[in-house]
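Next come two complexes built around subunit A: one with subunit B, the other with subunit C.
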Partner chain A sequence: MHTTIYPIGPQHPSLKEPIFIKLHVDGSRIIKAEFNLGYAHRGVEKCSEGYLLDSALHAVQRTCGICSQCHSMAFLRTVEPMANIQPPTKVYLQRLVIAELERIHSHLLWAGIMAHEIGLDTLFMYYLKQREHVLDAFDELTGNRVHHSCDVLGTMKRSFGKKEIDFLLEKLQTIEPEITELRRVMEKNEVIVSRFKKHGMITKKLATELGLVGPVARASGINYDVRQNDPYMAYAIKELKVKPVIRTEGDAWARSIVRCDEVFESMRLIRKACEMIDPNEEIPKKKNLFAKDGSGFGRVEAPRGENFHFVTIKNNKIARLKLRTPTLANVLSYSRILENESITDVPVIVMSLDPCISCMERVAVIKNKKEEIWTSHELFEGKKHD
Partner chain B sequence: MINVLNDVKKIKAERLISIASVKNDDGNYTVYYHFSWDKKPEIRQFSIEVKKGDEVESIMELFENAALLEGEMTELFGIKFIGNPYSGKRIFLAEEGGKKCTPPFIQ
Partner chain C sequence: MIEILYALLLIPGAIIIEGLRRKTVARMHNRAGPPLLQPFYDILKLLGKEKFIYENAIFSLVPYLALFCSFFMLLIFPFSVIGFDFDFLVLGYVFILQDTIYIFGALASRSPFGMYASVRELLLMLGYEITFIIVLCLFFYNAGVYSFQNYDVEFAFAKIPIVALLAIFTAFVILRITPYDVMNAEAEIGAGFFSEYSGTPLAILDIAELIKNLMTYILLGFLIFGKTYALIMAPIFMIFYAIMLTSSARYSTLVTAKTFIILAILAFVHLIISGSLAV
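This part shows the complex of A and B:
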């Protein structure tokens, strides 16, 4: 048997972020797949060291452009008990609304890119059109479209009033029928079904062995959702209990349907939370807080799965921060599920795992035009890229 | 070599969430392991003290996802894990002039 090495990446038209996948192929069949990481390492962990909790939160929120709220929630879930502070329910409900909106936005973006990978660019446009409504809602609620930056220790930067809530509910009303139709396309369209079904199979046994998380694990029949198993913040309220979407097929199609259905579950949670938010209630103002020395950990359910933070505090400053993002937990499955597949299915299978490479690697050298390396001090002072 | 496998087996955890190291004031390290269960709302923390230059037994035999987590600890802190093929390999950090850079967290 003669095998050829076929490299994909670090820069490749089918990849949205840099990762190097080395395929050993016989004809078009993949014999073995290896991956190489480290092209988007940014040093969020090292950057945060020695900074006050508020400043570190600023860096933590910028770990990922898609799920920034989940990183800030995991960080706050860890440090708020250490700083001995309990925010009011309204703050928890507001955080839930942003986190669930983020899940909708992340899954819509993923579905669009997935359609683009198999050549259905019109479907890609339809998905992105719906995502735009969600970004408008973010703009109205937090003032930012992508990096929301709406959390502070113990409270939030804005309080949601009637105007904001009405705008959000109106946007949900607009996108719901459209997304229902798009889900039907995802489920029934012959092109999608033939490209996704029986490809990238992950059995329940393999998912358990590799410790997979998020929609990838739930599409393989594992009932594991942090919102349900270890409820936090507003998810602990009885009315806002999450019903995880579970499928047992374990292929790329099942992972797509799990994500599509999670969008509806998120919409249900947002509507329920909006009913419970009192628009006239004021939220507390930001205070200077002091945390005890020691270490703590916390986890939340990000759009891609369990997001875990480990924080050590010394003299009210971060001594060590460790982030375990969901993509890092899922990355080992790449080499296993690509074996015996055809080379044409690689983009579909890799995208069906919804990889977020910059989230996974967490640390890059940031350079300006003069090729100078930014220090962490400049990064925190917010020196602009000119 | 520090043996951890037997202690970890006693925890009877279903999942390994993360492995994190912290540098102590005396120059040694504490390695924290975090475990969880699919049904229990609990995270169990298990920690070991590692002196500079000590090697630690890998727990890849029990949890396959320890591969990258332990490999990352080697890369960032220089703690070697015996029995892990990723330990000592380049994972996240860039190479400078074909040489591996010094683990950044021990500087």
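This part shows the complex of A and C:
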């Protein structure tokens, strides 16, 4: 059959980061979708190699602009046991507060972009206005709005006092009614429902086959959340047990609702953690630490799903660092879910997985002094070796 | 003489109206918005850009043809500058011609985005151009005249409210207000028609669009409120449509083809019953 090729990317208004999706279309129906990655490789792993743990943490925290705390938490979850440190509970609670605030900020930004993709720019601006309050809270708590960079090995740079906690709770109080209203719009508005429902369907079977993670998997009925299945840091405390939001529809709309509900769950966790934090307790000062040689891995639940870090330490320095961000797990499903959809729905489907391309780009294999880059498509289909 | 001056003043007027529109939209979005004269700066900057254009006669001609259509509208409406009394249908034709010209430009660019924009525009044209001509006809049948110069009905909406409503709905499509901006839906097809244009040709296309938008506002004021209020009503219509654009999440399920058809039938029935339209 003769098909027209419709390119989306590497630069395209619906994509916030470079990725190339090549659509073979018949009229406006998509027959086949191929995609290619490798336009924004930044080499975070290589940057960290050969450095001390503190310096490596500095690079790791800057992997992602939206979920920097999750990367630092995954790294610390891996190396803190290797360095034989056990931070006090207050540090764990503070880390949880920042991580959950980050989830709120990430989901609000995502919901805004989703609204923008279907032409509802006002809704986008309203979501961003609420996100601004969260960024203010970050500024108050950590001194930075986007790259918080508040973690150090075994402790944190700042201790939360009464002033910070009151400011945070006040901000949560401000955004809660607004977010409730915006969630109602997301759930009930006819335009949103007609554009999101039954588009980008991922069944439970497909999600299991592809190994999807995060809100995408939970919207397809898979009960998997690292915070619940493998509790870490403060999530292991009984009062802070996470109730994952599960839906079974598996379409773009279900993903939206899962993310909207997760915002409320995060707010509940933050409030609970704030109750447990003792504002007068001092956290330990930063110390120089020595880690044993060896390897380890750690995983945390980032806003987009499971974030996995593998670290090898030699002579107190990083010998190998491997990050697997949740987008790499989710992005593989594009070629499957875009089939038989219309071009009109491509932006909605692409954005409904919340891809964070630049954080993910690190699939490279060095072979015979010749660099070759594996695209996710090749990984997915299986690359032929000669 | 005074009419020529008037027509010339409408060109900067169109740009300032666009600046005001952006300001209104920004206020609705909770933003400060760009300066009032931002569209001027945009166009000036585009005019100074390097000319880099795909070599194709139709593609290169389209911006000038579109600008010609806009100027032609200025010459015949709301005052006949060239001194010839045109039939009201000529304005309708020019509106339609301008959209057709965009389709040619987009197809000649051979860009997939332009191609999809043309297909969507063609589908939309089939729907709304008929309603647009029907609206024009109904207003003029109501007045009993055939040219803009003789149209002297004031506050026509009091007599034919359904036709007035239909006119306001039709203008949604002419002004490309969400959800009728499918041919410029940047999320899928980039800038649609204008994807491949840059520099001076893009500036010219911008001016043509801005003049056409102003003419739509004036036309609505002219038909619904009468000749005297045509220009005064233009900014008010601009603000109305800016607010509608920003609140499209609420109303866009209302503005469907069904609404158009029901309103058109109601308008005909109303006119026949009231005796304005002899069958």
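In this section, the second predicted complex is superposed on the first by the 361 of 386 C-alpha atoms of A that agree within 3 Å, B and C clash if a C-alpha of one lies under 4 Å from a C-alpha of the other, contacts with A are read in each partner's own complex, and residues count from 1 in each chain.
Everything below uses one rule, namely that contacts are C-beta pairs under 8 Å (C-beta built on N, C-alpha and C of every residue); 3 or more make two chains touch, one makes a residue touch a chain.
Treat the numbers as computed from the prediction; the structure is a model and nothing was measured.
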**Request:** Could you tell me whether subunit B and subunit C fit or clash when both sit on subunit A in the superposition?
**Result:** fit
**Request:** For A:Glu190, decide between first (touching subunit B), second (touching subunit C), both and neither.
**Result:** second
**Request:** Check whether A:Tyr92 is in contact with subunit B, with subunit C, with both or with neither, and answer first, second, both or neither.
**Result:** neither
**Message:** One more residue to check, A:Ser28. First (subunit B), second (subunit C), both or neither?
**Reply:** second
**Message:** Just checking: does A:Ser295 make contact with subunit B only, subunit C only, both, or neither of them? Give me first, second, both or neither.
**Reply:** first
**Asked** Looking at the overlay, does A:His12 come into contact with subunit B only (first), subunit C only (second), both, or neither?
**Response** second
**Message:** Just to be sure I read the superposition right, which of the two partners does A:Val346 touch: subunit B = first, subunit C = second, or both, or neither?
**Reply:** second
**Message:** By the touch definition at the top of the document, which applies to A:Leu120: first (subunit B), second (subunit C), both, or neither?
**Reply:** second
**Prompt:** Of the two partner chains, subunit B (first) and subunit C (second), which one does A:Glu209 touch, if any: first, second, both, or neither?
**Reply:** first
**Request:** Aligned on chain A, what is the least Cα gap between subunit B and subunit C? Give it in whole Å.
**Result:** 25
**Asked** Quick one: in the complex, what on subunit B touches subunit A?
**Response** 14-18, 20-23, 32, 34, 36, 38-43, 45, 63-65, 67-69, 90-94, 104-105
**Prompt:** Which of the residues in subunit A end up touching subunit B in this complex?
**Reply:** 37-38, 41, 43, 46, 208-211, 222-224, 229-231, 295, 297, 299, 306, 308, 310, 312, 319-320, 322, 324, 328-329, 331-332, 361, 363, 365
**Fill in**
subunit A partner, complex, touching residues on subunit C are 28-31, 112, 116, 119, 178-179, 181-182, 185-190, 246-250, 252-253
**Asked** What residues of subunit A sit close enough to touch subunit C in their complex?
**Response** 4-7, 12-14, 28, 115-123, 125-126, 129, 185, 189-192, 194, 343-344, 346-347
